[in-house]
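Each of the next two complexes has chain A plus one more chain, namely chain B in the first and chain C in the second.
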Partner chain A sequence: MTNPSSHAIRIALILILLSLATFPIYWMVVTSLTSSANLFADTPQMLPDPAQSFNYADTFKHTGVLVWLKNSAIVAIGTMVLSILLAILPAYALSRFKFRGKGGLGFVLFATQMLPEAMLVVPLYAIFTNLALLNTLGGLILANTAFTVPVITWILKGAIDGVPLEIEEAARVDGCSRLGIVLQVVVPVVAPTLAAASVIAFFHGWNEYVFAQTLVSSQELRTASVGLASFVGELSTPIHTVMAIGVMYTLPAVLFYLMVQRYVVAGMTAGSVKG
Partner chain B sequence: MASIKLQHVAKHFGTKVAISDVDLDVNDGEFLVLLGPSGCGKSTLLRMLAGLETVSSGEIHLNDRRVDQLPPSARDMAFVFQSYALYPHMSVRRNIAFPLIMRQFKWWFHIPLIGGWAKRRIERSPEVADLVEKTARTLSLTEMLDRYPRTLSGGQRQRVALGRAMVRQPEVFLMDEPLSNLDAKLRTAMRAEITRLHQRVGGTFVYVTHDQVEAMTMGTRIALMRDGVVQQFGTPREIYTSPANTYVARFIGTPPMNLIEGRVEGGMIKLGEASLPMPHGLAAAAHAAGEPILLGIRPNALTLGAAGAPGQLAGQVSLAGQVSLVEHVGAESVVAVKLSHASTAHDEEGAVPGEIMITTQGYSDLEPGDQVSVVADLSEAVLFSRATGERLRAGLALAA
Partner chain C sequence: MTGISRRTLLQAASGAAALNVTRSFAQTKETLTFAAGLFAEAGRGDKTRAWVDKFNKSQDRYAIEPVAIPFSKLADTVFTQMGGGGGPDLIRFDQTDFFAAVPAGRLFPVDDLLDLSKYKFQAADKFVKVDGKRIGIAFETANYAMLYNPALLKDGAPKDFDAFIAAAKEATGKGKFGYAYRATMPERAGFWFDLSNYVYGFGGQWGGNGEPTLNSPEVIEAITQYKRVYDLGVIPKGADAATYRRMFWEGKIAMNVDNGGVGGIFSAQAPDFKFDAAPSPFPNKAQGITLTMLAFNANSKKKAAAAAFIEWMLQPEPQAELQLLLGASNVATQIPRAEEELKKYPWVTAFDANTPNGQPFLVRSLESKTLDFQQVVCENVLRCLIGGETPKQVMADAQAQALSRILRR
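Up next is the complex of A and B:
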């Protein structure tokens, strides 16, 4: 039996942590539904004012938020698909094959994670200029993918390590080629981990700011992260508009996460127990 | 119709020799059992047959076709794994149909959605669907065709693995300890099922196990292996009654064959103080005069009498001893007796058990410490050289 007082303390702790996590989101929603007159009032408005929902209509009308969200979606989905496609085969090779320099390759993949994006902006800018990739969403997808592929490769390698070799041997006896084994047997078996890796790649592409700001200058190709930041002015910042865009920027990401959440949880626990 | 011929097959992992110069001829329709302890190379040999391991030297022939250089799928052999190796993301129906789908596989089946549609189409085609249904009926899996492997019990999973092998209608079935993950009761049931399957489906079976009961009950022939070398290749009866060496004698039989130290003198077998007349069947070994030998005798060829009972009947002799352990195993009892005037051979670990094992029918009233006389029926006894461990046969001289 649990002691009632310790149970109450536990509940209280959970509520405090939950409030800490959700309050900024709540505050974002409330601010997006606050009139500009009340934004800097002495007593902050704690409840959303539905009458201010025209803030959203105004934001749609006067900003390019829909285009930015579309661009962000293209970059995020492109990064996710390309990262997964490029990571599956190296992950399989690192897991299953023995070859000279395997350890070194693994280390180099890890080492790329130690380099900050800001350090690579200048060389990438020079390369993208030569390859005519500057100011294109494709270039942005490539830059983001370069950062996500190593980490996804390692995540998938871990999952493939857990796939019993006998299943692959059974597929060989049944007539599968090596590529067939990877695509028909291994990939479906590690699908939960694939979902988790997709979330990582998607959010990297969705949230990325430094490359999006530097490598893309055209207004029509702006992503939401850059568009959002463009409202922060030296003299004034329309906070309720920024927050309205913030809500719109968050919603698709939350929806995507809810869609794959079931698989992500399974992926993160896959292989942790004998089964 | 498939016969398998292995000629001088060897396998090395670096400097370690896993399989050493194996020659086997398996006839069409035979049920060959590769038997031996863990690490003896039996699974490696089976995997070499399947093409899952390369052959370091030697040749493997299926009928007249050399197959050791072919990929696994081109050998027309099905493999049943110890761990079942079912595809966890596929239903039982798809698991069984998978080898048939692979036969019609095109590169564009890799494309998502289109590939899925194409595979479903093959799975639903009358020839594949009928074969899958028929196989499922044979293995009582019809009710489970749309379930996933994770929802099945161990025995059901094993049947799905068998179904996946059967549906290909291969020339050879290779099975790597397929029953060792099952509990004892289910194992007995599946043992009978696989034997029936062999009788019904036909084809040549090669079956790996470390369980001598499986080997003796299922195999038409057994190849008993140790350290990558085939110790004896013969029918279960031959292996039981005429073990080629002391290793085989000790491996087969529960309890194993008793090996009593002695020597041949003047046409008699001398065990300690007792002299036994050389039985007719062993007369050929009389040339081993003076050399140390081991008398191999099965526990069921020994009977127990009260101490001092007259023993020297025709072809029989009695040895004095003291009961050291009695085990009751239902229908029979196993009695361990320490012989007074004779010693027994070292076992594999080098310890001297100093005891012989005797099986008696029913519940034995003997207790440890009782003095008994052991009466040996030598009609099915065998002699081994103590120096080499090899069985003494007519015309064979002992090693110096």
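Up next is the complex of A and C:
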């Protein structure tokens, strides 16, 4: 039986942590719905003022936020799909096959995570210029995928390690090819981990800024991260607009996470208990 | 082939070809990209885009596509693109970034694009020439003066530094602050500008004759006074410039040494807000000037289009329109202010009066190293503001670091 006082302390701790995590988002909503006069009031306004909802209407009317969000969604979903497609087979190979240089290959994949984007952006820009990939969302998807595939490969490898070989052998006895085993047997078993990996890839594509700012200059192809930053002016920043776009930028990502949250938790804990 | 017949494929191909032909007729204008932080500016950004659009409407062959890049990210983004062999065709550079790009050979001399001898340029034009070559056009120059809120200063604008300190103290309280400036690394460029105004105002320079002078008595005195203001509690510590400027036009800040463009922002964002401008309260009249240059990317092949835009923008009418939309700034050529503008913005005269005392925020005789100096100076001044070390000690360290890290001596 749980001690009621320790239960209450646990609940209180959870509430405090929850408040710390959600307060910035709440404050963003409040600021986006605060009048200019109250923005720097001596006593901060703690509740949103619905009468200021015209800030959102103005933002929709005067900025390209919908186009930016659409571009971000294309880049994030593209990065997610391509990363998963490209990571499954190497993850399976690293998990199941024995070959020369396997350790080295795994290390190289791991080492790519140690290189910051800013270091690679100049050579990447030159390569993209030659391949006519500048100013394309496809180019952005490729650049982001290059960064997410290694980490997803490692995550999937860990999950595939936990899949019993007997299942694969049974499939092979039934005449299934190696590719069929991967796609029809292994992938369904590691589906929760795939969901967790998808979230990582999606959020990388959704939040990414350096590539999006450098590799795309066309206003129509801007992602939301770049569009949002473009309001930070040399002399002034329209705080209401930035906060309203901030809310719109955060919401789709939060909704996506809520949709797949169940699988993510299952994926995170997959393989933690063996036997 | 299964599914798609050869005929369908041919029809699709000819359709695509037809579309391509149509598109090539529709896109006869050669488009130049023009990157600037200004396009992202609330108030001035839209007006500048509208100004650029006038060029687009006046042209059959060329068009400008504005590219808004946040001011703080412009240099990093554009230098990265230039390093990769591309980048925008035209760039509005801040003075420090401009002088960093010149020795790297990233900018194409404007002299080689078109003949500019017929234009009467402003005095600040001399700063865009390097080794006798004109590398850019002075797109905007803005003098510095003290903006103040008369409602918060009962004795009006302070005439000297002690009066300024007293007025700042008196105006502080009940959610209001006497003064505002920058003192954080995320706003390194602005921090450098604000520090430089103190240094120039107390008779100092960051360098001269090829030597840094970071530990000169004048610079140490300036940093001492900067710290004095910081320690007084009269500034909204941590507020970035965009925030405290907004606080200013909402009546929360009494004084702010800033450039004329900021006055323009106040007028645009809060037309009913009453403010004025006066000379900065430092012992010397010398103050910085914000100098932004229009430069042409050496990687670009669109020389004729760039020449057409520069030729257009230097005409009296576009220059006058640009000057009006920029606020209390000057443009490349000498354009007298209209009576209407002076009547509408009387505070402009305080900024214009300081033109003879303006100097760029550059390390004299070591201009191309200014960005490196910025880093060293700001890091060390922060040690004194936050870490509690003495101005004399931190500026001695800054001098030593400048000699070893920047000049490799």
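Quick note on the criterion: the second predicted complex is superposed on the first by the 261 of 275 C-alpha atoms of A that agree within 3 Å, B and C clash if a C-alpha of one lies under 4 Å from a C-alpha of the other, contacts with A are read in each partner's own complex, and residues count from 1 in each chain.
Just so it is clear, a residue touches a chain if its C-beta (ideal position, glycine included) is under 8 Å from a C-beta of that chain, and two chains touch if they have at least 3 such contacts.
Predicted model only: the values in this text are computed from it and were never measured.
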Clash or fit (per the criteria above) of chain B with chain C on chain A: fit
Partner chain in contact with A:G104 - chain B first, chain C second, else both or neither: neither
Partner chain(s) touched by A:F40 [first = chain B, second = chain C, both, neither]: second
Which superposed partner A:P24 touches (first chain B, second chain C, both, neither): neither
First (chain B), second (chain C), both or neither touched by A:Q213: second
Touched partner set for A:E166, first chain B, second chain C, both or neither: first
Contacts of A:L235 with chain B and chain C, given as first, second, both or neither: second
First (chain B), second (chain C), both or neither touched by A:V121: second
Greater residue coverage of chain A in the superposed arrangement, chain B or chain C: C
Three-chain overlay, closest Cα atoms of chain B and chain C, distance in Å: 15
Those residues of chain A which chain B touches in one complex and chain C touches in the other: none
Chain A-touching residues of chain C, taken from the complex the two chains share: 33, 35, 37-38, 40-45, 65-73, 77, 80-81, 83-86, 88, 174-175, 240-243, 245-247, 250, 252, 261-262, 265, 269
Residue ranges of chain A in contact with chain B within the complex: 164, 166-167, 169-176, 179-180, 183-185, 188-189, 191
Interfacial residue positions of chain B with respect to chain A in the complex: 50-52, 71-73, 77-79, 81-83, 85-89, 98-99, 102-103, 105, 110, 164, 168
Parts of chain A lying in touch with chain C, wherever the complex brings them together: 36-37, 39-42, 121-126, 128-129, 134, 213-214, 217-219, 229-239, 241
